[in-house]
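You will see two complexes here that share chain A, one where it goes with chain B and one where it goes with chain C.
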Partner chain A sequence: MTRTPPRRTAPPLPRVGRGWGRGAAPLAATLALVLATPARTDEIWVTNEKDDTISVIDTATLEVTRTIPTGERPRGITFSKDFSRVYICASDSDTVQVMDPATGEILHDLPSGEDPEQFVLHPDDRHLWIANEDDAVTTVVDVESRKVVAQINVGIEPEGMGVSRDGSIVVTTSETTNMAHWIDTATHQIIANTLVDSRPRHAEFTETELWVSSEIGGTVTVFDIATKAEKAKIRFALPGVNQDLIQPVGFEFTPDLTTAFVALGPSNHVAVVNMQTYEVETYILVGRRVWHLAFNRDHSQLFTTNGVSGDVTVIDVASRTALKSIKVGRFPWGAAFRPTE
Partner chain B sequence: MFRLFVTIASLAVTAPARADLPVAITYLRLEVDRPPVLSNLDPVPEDLGIAGAEIALADTRTTGSFLGHDYSLTVVSLPPDGDFAAAARAALQTSRLILLDADPAAILSVADLPEAASALLFNVSSGAESLRSADCRANLLHTIPEDAARTDALMQVLQRKQWQTTVLVTGPKPADRAFAEALRRSAAKFGIAIAAEKEWTFDTDLRDSTMDEVPRFTQDFPDHDVILVADETDDFGRYIEHNGWLPRPVAGSDGLVPTAWSHVIESWGAVQLQNRFEAHARRNMRGPDYAAWAAIRAIGEAVTRTSSNDPATLRAWLLAPDFQMDGFKGRGLSFRAWNGQLRQPIAVVNARALVTLAPVEGFLHQRNEMDTLGLDQPESACTAFTESP
Partner chain C sequence: MTPDPLHLSPNIPQGGPGGGARPPGPAAGRYLTALGAILHRELARFLGQKSRLVAALVRPLVWLLVFAAGFRAALGLSITPPYQTYITYETYILPGLLGMICLFNGMQSSLSLVYDREMGSMRLLLTAPLPRGWLLFAKLLAGTLISLLQCLVFLGIGYAWGIRPPLAGLLAVIPALLLTGLMLGALGLLLSSLIRQLENFAGVMNFVIFPMFFLSSALYPLWKMAEASPALARACALNPFTQAVELIRFSLYLTPNWPALGWTCLATAIFAAAALYGYDPARGFTRAKG
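Then we have the complex of A and B:
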């Protein structure tokens, strides 16, 4: 009854760019890939939910270069189109903070409604669509006038926010109501409610599809945008890991829409999904309770936030292997890419 | 290794168009005379259980508003000498979904009513093993964990910590004795020794003399790692900790406590539920509140997925092998098909923090790790679920 527990985490890996000649030969191939990346000073910004900080990771050195204080319980994070501003959901401060990423200075707060957890920036670069987790409301804020444009009643505990590529539809998923609410961005009216599996967490659009992850249901549901009908259901299975610990949360698509990387929470793995066949191709071992992910500039590396182990795993996208674990703050949650040139 | 299911068309629910589907739920309580306890620091809330039902109703109504499902909750609370079965018969006239907050005998008196045969009942108050075993009923599901599930969770923690030798202090009340029996059973199941037992027989108010009395009371125990306390009415347990002859932690009804729910649970989105509950009830959410919450959430899940208010349809959905419900405890909740018990993690907590959510890592089960907690299928004498269609 007391066999070795099935849950494992990725061991700390040797630092990239160092340790040559110290038994790093098996990593040589992946190191070569990494080193082939031009030495830019691009960054990955990670919100630390339990530290009220952002950890800034240099994508070339894979080191934390800055730790920036934020409001209380930072979760969702996204940059403006020109990367001149970064928006942060400071959930327990009941505000969205607007920060100058160059200086780390808070420029101003946006009215966000209570307990903003996650948001999405509309392609117009002007409207933030915010899920107010404690209020069962989606709030639309104009980032220029700094005014609330609309509030839409949705299900209990809204969280996942996605916007269609053409900007015409925003989807809010509600964790306790178990629905994707489809909202017309022109009229701010709900045009459809589609049931998904238990505890939906994240939503992303392609040109033709909407993907929604369900944490407790253990699935990703794919909808056809035109008909709003379910098109596919992706399930996951890991040897030695109990099915109920496989809990899909955040996911990211490669730009060519061939591959999706799905964070599987307390199973400590990221699934690699073929977006044409909806089949899982492989699983990558990362840190404990993996939440969200962000790519670097050329999408050669993927950074995952691991809530329980308090670190970020760097995945080499080509070889689908973990390269390194980077210690960040307590309970890292969101991740976003920032080019610095 | 990899599984894939592609369904062509499925639920695309657009705005509610048809007439509302009414879903009438009754919360039926038989009040209990609570014996006086030494300390009044933590009174039992008047709305224990009921507040959990109310918060679940509010959540479920929101979901229903998108689907045209109209949920209602009627609370009926009878004095201890009230006619519970008669009240149930009256409630069944208008509501086929009933939460029962009462002792095991009263619960069975309702389950066995002819009028209840086609209803769906939820036990939200009793941890009695008999209701999940020989006295189970096909129309009765249980969202409160059985006592054995709680004591199994505690023993998993003690085993994991290698605190393998215990002593047991049992209070005089029937509930204390029942809990002590559950502790003994779980200790044997998980290889924990109970080296000695004593009855709590003090009949004085010893609040001012605990530093004199309790050390002497525990002095003749053989050496142990933990003192187990069976004090389910919250009478004397709080005076044992830090007063034993040896410096040992207390566990069971006090100290390190296994429970279905506690306000110290923060992860898995629990903060949102805690916030909603505290805003509504102005107090912390407890185990019986969670049981009532879970019953209404289960009804809501089943109605949402089946678009039906028929108890038989809902029951079939809830007992189906792929039913999964989120319960803010990190694992999907489901019902045991052989006795109707809600399968759920058990929180093992102290007054200020969560120690762990059992099942504890490493305790494995061929079907579901949560089935290491409480009566497993081979141990249950329940046959009502396998016999009925």
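Then we have the complex of A and C:
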């Protein structure tokens, strides 16, 4: 899961003394710029489900720079608003771990309920909404007081978590009940349940729509937030690939909300979907069992976690082509962007 | 009398050291005139035969559009240099099919040389008062340029089909294609010096083209071949066609492959030297055969 990082502007250039002569001025300015501006080494953090680690990828060099140990079976991962904390679902440790991303040190655990798989951080930057797969509940945790605020009964095997842009609604998808449960964040009450296709895995909001992927159903269902009615159903078809292998899981939207990239699991492809027409425009070949995705800072590159092949494929968003696959740990699962300046 | 593989009459002046009378003018100019005339003739002949271009492209296109589609799933996924990520099978075999174009074109040149020799037009060509090596090089270069032309058209079709190497790679591959064309053209020249009759050309198909193509990395990576038989994989690695295909593949993706370049250059030199030897009426292979 990723959050769009705040836009930053370059620091002003320092003035250069007159006595340096014409040729020296631009040279000095360039030198000052180089010295004043730290190298942009943003990162993509990837949880490795089978290795109990996080692989940190440098977005400039596209290489793994750090491997950080975590609790057992890390899956969902997200950063706090200011990127000073990273939250990790350590599913088999039955906890959400809070880590200092600068040092890689685990600061403390949060009471998450059993088997936390995915979560979403509320726009208030204070409440984590966690899907507890084994308990059929959604747990709300206050990250400051480190206490459970509420537990909401949902369908069987909850997994996907999404929060609306204004923070008023959280949606939990339940894999076995095949529903999206709409929860009012103020009252912690379910306000609607909407059916989706088999095994819903992931949910994301735009301003007006909710998108839910269904792994076994092989579809993405689009709902209108106001009416909670189904607005569109996106289907996928890859030439030469058995339909059973086309299993939509994670997806990400471009910031202008024109294009969605949908990971199609064991079909080893990412679908590029036009968000106005809901048509699939193309498919991009990536590694095996592609699961979740994360953009880099300017959204020019998209990183996909490929579970079975144990790597991350980098997609050039403009040309919609795969550039490189980077070896990480075993069974990479979640991905999140971290700016380092 | 010395047996002459080119069927030249002894009273017709020949080029080269000890050849017939030379026209006046600077030597370089004469060489270039001959080169230009041969290139022009071969190119005009090729462009005049539109069906030849189509026919030359049909073979690799069938492999690309039919064979590759069928084998896409069978060969699975892998990341092998120069590729940095997963690729489709169509993407993998594109350099091999470019090599195939050069291979068939080189062999076709050899066929046409045998034909020219039987029809007597080779004799006419070699009456030019220039060294035989230069005239053969001009023929070789003409055939190579025709191969290059076909390869560029095929690359364009591949691009439209969705196989899109880096744009700079489309430029970088040109020298690799030229070298491959020269190597296979030289092999064709060598074969044409060995083949006395057109009827024998079927043997070239069976004993040269098929083993060269199938015992290479054109259709499957060597690591895949090694899984089945390490001995076959080693044989593939020794095949100069494998080295040429890898040179094309790496050039397309802007990655240097010095061993492939070295081996391809070496093979080109050996084939060219052997072809020159074969076409030497005093020492050629036909003399050895009596």
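Going forward, the second predicted complex is superposed on the first by the 302 of 341 C-alpha atoms of A that agree within 3 Å, B and C clash if a C-alpha of one lies under 4 Å from a C-alpha of the other, contacts with A are read in each partner's own complex, and residues count from 1 in each chain.
FYI, a residue touches a chain if its C-beta (ideal position, glycine included) is under 8 Å from a C-beta of that chain, and two chains touch if they have at least 3 such contacts.
These figures come from a predicted structure and were not determined experimentally.
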Which superposed partner A:229 touches (first chain B, second chain C, both, neither): first
Touching partner for A:290 - first (chain B), second (chain C), both, neither: neither
Contacts of A:322 with chain B and chain C, given as first, second, both or neither: second
Touching partner for A:279 - first (chain B), second (chain C), both, neither: first
Partner chain in contact with A:90 - chain B first, chain C second, else both or neither: neither
Chain B versus chain C as contact partner of A:56, first or second or both or neither: neither
Residue contacts on chain A - larger count, chain B or chain C: B
Contacts of A:98 with chain B and chain C, given as first, second, both or neither: neither
Touched partner set for A:313, first chain B, second chain C, both or neither: second
Chain C partner contacts - residues on chain A that touch it in the complex: 240-241, 268, 285-288, 309, 313-314, 321-325
Chain C residues within the chain A interface of the complex: 69, 72-73, 77, 79, 84-88, 164
Touching residues (chain side chain B, partner chain A) in the complex: 1-15, 59, 62-63, 66-67, 269, 272, 275-276, 301, 304-305, 324-326, 330-332, 361-364, 368-370, 372
Residue ranges of chain A touching chain B (in the complex, touch as defined): 1-5, 7, 133-134, 136, 155-157, 175-179, 181, 190-195, 197-199, 215-218, 227-237, 239, 242, 244-245, 266, 277-281
